[in-house]
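Once you scroll down, you'll see the structures, which are given as structure tokens.
Across the two complexes that follow, subunit A remains constant while its partner is subunit B and subsequently subunit C.
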Partner chain A sequence: MTLHPGRGFAAINYPIGMNLGGDPSQALVHSTPDGKFMVTLSAIDLGQGMKSVTRQIAAEALGIPISDVYVDTADSDTGPHDMGSFASRGTHRMGNAVIRAATEARTQMLEAAAEELEVDAADLVTDGKGNIHVRGAPSRSITVADTAVAAQFKQGRTLAGRGIFLVPLSDVDAETGEMTPVSCFAHAALIIDLTVDDETGVVEVTNINSAYEVGRALNPKLVEQQLIGGAWMGISHALYETTEPNYPDRSHGPEDFNTYLMPGPGEIVPHHISILERPAPDAPYGGKGPGEMCANPVLPAVANAVYNAVGVRCDSLPITPEKILRGLKANGGARPQGQPLNTPGGRR
Partner chain B sequence: MAKTPVTFTLNGREAATFVDPAANLLDVLRRGLGDLSPKYGCGQGTCGACTVLIDGEPHLSCVTLAETIEGRTVETTNGLQDSAGLHPLQQAFMDGFAAQCGYCTPGMLMAAKALLDRNPSPSREEVIDAIAGNVCRCTGYEPIVDAILTAARAPRRTG
Partner chain C sequence: MAVEFRKDLFADERDDDLNEIGQPIIRQDILGHVTGRSPFYDDHLYDGLLFMRCVRSPHHHARIRSVDAAAAERMPGVIRLIRPQDVPVNLNTLLSLISFGRDDEPLLAEHRVAYKGEPVMAIIATSDRAALDAVARVRVDYEELPHVLDVEDALKPEAPVVNETYPNNTFDYHDRYDHQKLRFGDVEAAFAQADHIVEGEYQMSPIEQAPIETCGAIAAPETNDRYVCHTSTQALFFSLGTTAKLLDMPSSRLHFIGGTVGGGFGGKVDSHHEPMAVLGAMLTGKPVKYMWDRAEEMQVGAPRGGERWRLKDGVMRDGRIIARAFTGFFDAGAYTRLSSYAVQKATGHLPGPYMIPNVASNVYCVYTNRTPSTAMRGFGITAVDFAIECHMDKAAETVGMDPIELRILNAYRDGDMKAHRRAAKNCALIESCQVVAQKSGWPLSAEAMAQSSLFGGGIGERGVIPETVTDQAGQIGERKRSGLAPEPFAGATARGHVPAGTATDHPATGNAPQREDMEIEAERLGFKVTRGASAPGQTPASPMPQPQPAATVAPAAPRPGAGPAMPPAYTAPAPASQQPVAPPASTRPQPTPPTPPAAPAPAPAAEPYKPEQPFQRGVKRPGVSRFISGSRRR
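Coming up: the complex of A and B.
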């Protein structure tokens, strides 16, 4: 029995959202009588943090504290239309819609404040702490809360905004077929180190190194969390998960968590992440969002690392011990492909 | 069907209710007593989302007969926070971004509390062992393990 070390690499360019027929998201923002602001979306937070990020974006665009913003999601009866939470589009599409809605609401907020202060709205600024004051004269101020109360009960004015973000459908060049299906790409590269046991076919991932370019990381801890959790899902897809282990034979399929294989807390792999921030021009405050690409590059990198370790090329997922053993048998044993001398875990 | 009266201690307070034969504790807590903190995941005792403490030990409430808790003490995530604020585990989970969708979090918190109550300074391996019965699909477990270790190092609260 020999444990063969292997290293695999994968790089991806990942499209943010889609554009086949347009890809709109809408947002509504309105003030409550106590000077808070509600963001209404039909998109849903799947746990990736969209609610937190759209809340940050709305607070930034309105110029008020994050604690004064609420985000209501996922009711397509009462919320404005949205294509949905998929295609890694949440931060980019919904974030842009929220900026537009919040900007319109901010304009009305400043007009209401200007009426109270008897100044020109163009001379007003927000301090991000819940106050509106005359530029250069902080003492000439009114709170956002008092502004909302005045607008609601005295001026009879709404502090509200509508926002939509649509990437228009791209024309197709009749001669070349060329088009622009995607306006914004995120990028990643990922290296997997693992060992393959040539007697049992068992793969153990030992280390992950990755670099992600996600535009501006609007919430760096959420980005890191999503990348770590997503890579775990990628490993799970690459090595463990299937509902049809003998496809196309439907037998022996898992029926519950006892028989559906997934890595657990005992299979945690060290993951070293470099987040590169190159703010995208058409993204909300430059943030593209990591989305699905947090899992995707892991699968080919694992497949490449298995090939590197024992010379078995698996072209179906998951890469099970059985597939590796069959490949080893067909090859007449392990055929390590070798690694550069200067890499950790390189040729011994 | 005759209902059975059950009296037990829920998060430090006396709780009394009537339960159907074969009713499980999760249903009684959620529907009967309105404590929605334990989550319904798989319903067959394999995911850990419904974990509660019974007399200090972690149990899967979805496969625990409600009648068996007569006279016993049940703790859920709802009881973690007291007048002094968040439990150190809750604080560490929040500070360490140890939840994404959050569905597994109550079960993780209770499994972790059972561990820290009997072993205030666990090793990383002991933490992993303690949550081995709890499935999380978002975080990759690492932030959860880190948060539990952080909570173990946090100053002890009195009372």
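Coming up: the complex of A and C.
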């Protein structure tokens, strides 16, 4: 038995949002009488942090502390229409709608504050800590809370905003495929290190190095959670999972997690992530959705690393020990492909 | 696990002076999650809740002769059977909400089942056990029919018809073709000129979204002749609209509540449970729960579909890919769901993040007698990316080139014309490759490290649409009659030509149709907009490396009708003298080698998170399960 080390690379890009557009999202923002702001949506939080990231976007666009913003979502009687949380569209589409709604509410907030301070609203800025003051003169200020009270009980004014974001629907040409798909792409490049046991065919992924370009990490911890979880899912997809192990034959389909294989805590792989941020012009604060794309480069990188380790090309997923052993048998044994070309002493 | 932020890259496009954006703020809902108090749909345990289960087909394909449910109906606890005739509008397709495709899937199958597990009847009982027992007593008389499970078998003339709405076993595109075409340049001519042809076939098998919380819904009658539905859906109004259509009721009579979901990954868009649960509540006047168990989630719930991709590359000795052709098959299973749309999404993604001047693809949405497939994380892209990136390594091996350098050589850059005929922008593939190679100790040449997404794109032929060869092969029904091969141009008797064009003919994005009063304040959105560096053709101040000696540099101007477009190797910059003033330092390409990582990621707030008020709920109370958090009401 020999453990053969292998290294594989893959790079991808990923389109953000429903591919051909036509998928609107709406948001409403209003103030409570004590100067807090409620964001009302119908977006779904799948665990990806939809509620959190829209809260941050609203706080940033309003210019107030995040502790003063709450997000209420996913009641069709109160939340305005949203197409849904899929196609990496949540942050991009809903985030843009929230920016618009929050911007309108902010405009009204500054107008109300201007009336109280007897200045021009255009001269007012927010400090992000709950105060509104005259630009360059922090002492001439009013709190957001006092502004909301004055607007509500004295001026008879709402501090509220509406937002919608819609990418217009694109046609697809029948003859050439010409289309205007999404306008925003995330990127990733990833290197997998693994070992292949030439006796059992078992692959053990030992290390992941990655670079993910996400536009802007609106919440770095949520991005980190997505990228680590997504890479795990990619390894699972590459090496373990299938509902139809004999595809296209449907026999022996798993019906529980005893027979539907996935890596467990023992197979969590050290993952060293670099995050690049090239803000997308049409995205909220430039942020692209990292949710879907993070698993994609893992699959081919694993396949390329297996080839690098033992010289077996597994072009069908999942890359099971059986497929590797059959490949080794066909090749008459392991054929390690060696180090990258530019390495001193590398192959060829 | 280490995370670093390369704030040094693209810093001149970003304003990092923001208050809340970019902060590692703790999630608003996390305390509820970690203390088991967040309400999920399954926590809405109404008193008198009824349970729904389905009778399912044991066959891949069969005619239903008769259904005998008399014994089931007499079982203790059984409240109501739901037959296909009870569904007001028993035919739908999910994407009818965006007017894409024809209705092709019943909520409950009436005359024919087309996959193993297809529901033919639902039973509502006072307990889950009683519903399951009653399901076991239903006798369905099936006449088995021939079935087809492989996508390419399904295209053959003798294949049985899977879906009567699409009798050719393929989704109809544009009322004309049985596949979606992509044609860009002239792949056939380019293959003839290529030094090497690299071919491969790649297969993705179906996988399960595997959420911890299985799909489901609980519906109950509300006042004012309305119904409330607590659901695990990923798309609240999508499910609401689908339910209104299938149940033939105004959407205003539906009140959907969701929002906290125990994992989705794409499998909770299909909107099957909501109409079933609401229909149950309508027919019984009681709250009804319909939820998959794990076996249903895995075998009846729509998986990520199998996909098969064949790639053919024309590669030059120096590593340039001058042509790439795809043949792709999406295994939709028995009904369309969202697969037809994924075909177009995949088509728009081809040929991957690379500047390849001649591209063609035929992509098929194929019906087979298996569980319908649906969306999953990376929908439409994951499988073809697997194919493309395995294939890139084969191309690199064929020409004896480092695989990362091959990617950088062929990478798309700002201003490059993509195969769907829009200019690329906001590219960052090259930088991603450089960063990961550098941190992994994978050596790249100085030349590869000097490349940049910002420069060299859109120059000459890279920025224009080449004259394109088209064909009319694969009309709807043609394949069934003649057994046509699926590859691009296979069986084409004539060629058409679409003249060359430029990017300016096609704005990259339309103007969003938002009302003008829905303004944003551009200066507060975190962009630095002073720099014009992303304009196509902009060149760096410092000289770029010269093309590799082996490279043959093609003429820069488009040559209509003069054969396939050929890109130069690393695009040479315009002479520096064309720059009247040296751009500021910030516009230089990435230094060689890139600067070491900047300051590490902004550390999370040093002080651990503390709630404003001590958290009271969620503590373990004697005699109360920590895992029951549902609201109870009559």
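What we mean here is this: the second predicted complex is superposed on the first by the 321 of 348 C-alpha atoms of A that agree within 3 Å, B and C clash if a C-alpha of one lies under 4 Å from a C-alpha of the other, contacts with A are read in each partner's own complex, and residues count from 1 in each chain.
The definition used in the following text is that contacts are C-beta pairs under 8 Å (C-beta built on N, C-alpha and C of every residue); 3 or more make two chains touch, one makes a residue touch a chain.
Quick caveat: nothing in here was measured; it's all calculated off a predicted structure.
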item: Subunit B versus subunit C as contact partner of A:154, first or second or both or neither; value: neither
item: Subunit A: partner with more touched residues, subunit B or subunit C; value: C
item: Partner chain(s) touched by A:264 [first = subunit B, second = subunit C, both, neither]; value: first
item: Which of subunit B and subunit C A:221 touches, first, second, both or neither; value: both
item: Touching partner for A:329 - first (subunit B), second (subunit C), both, neither; value: neither
item: Which of subunit B and subunit C A:135 touches, first, second, both or neither; value: neither
item: Touched partner set for A:49, first subunit B, second subunit C, both or neither; value: both
item: Which of subunit B and subunit C A:190 touches, first, second, both or neither; value: second
item: Partner chain(s) touched by A:286 [first = subunit B, second = subunit C, both, neither]; value: second
item: First (subunit B), second (subunit C), both or neither touched by A:167; value: second
item: Doubly contacted residues of subunit A, that is, touched by subunit B and again by subunit C; value: 46-47, 49, 221-222, 224, 228, 230, 233, 256-257, 262, 271
item: Subunit A partner contacts - residues on subunit B that touch it in the complex; value: 42, 44, 46-47, 97, 100-103, 127-129, 131-132, 135, 137-145
item: Parts of subunit A lying in touch with subunit B, wherever the complex brings them together; value: 46-49, 221-222, 224-226, 228-233, 256-258, 262, 264-266, 268, 271
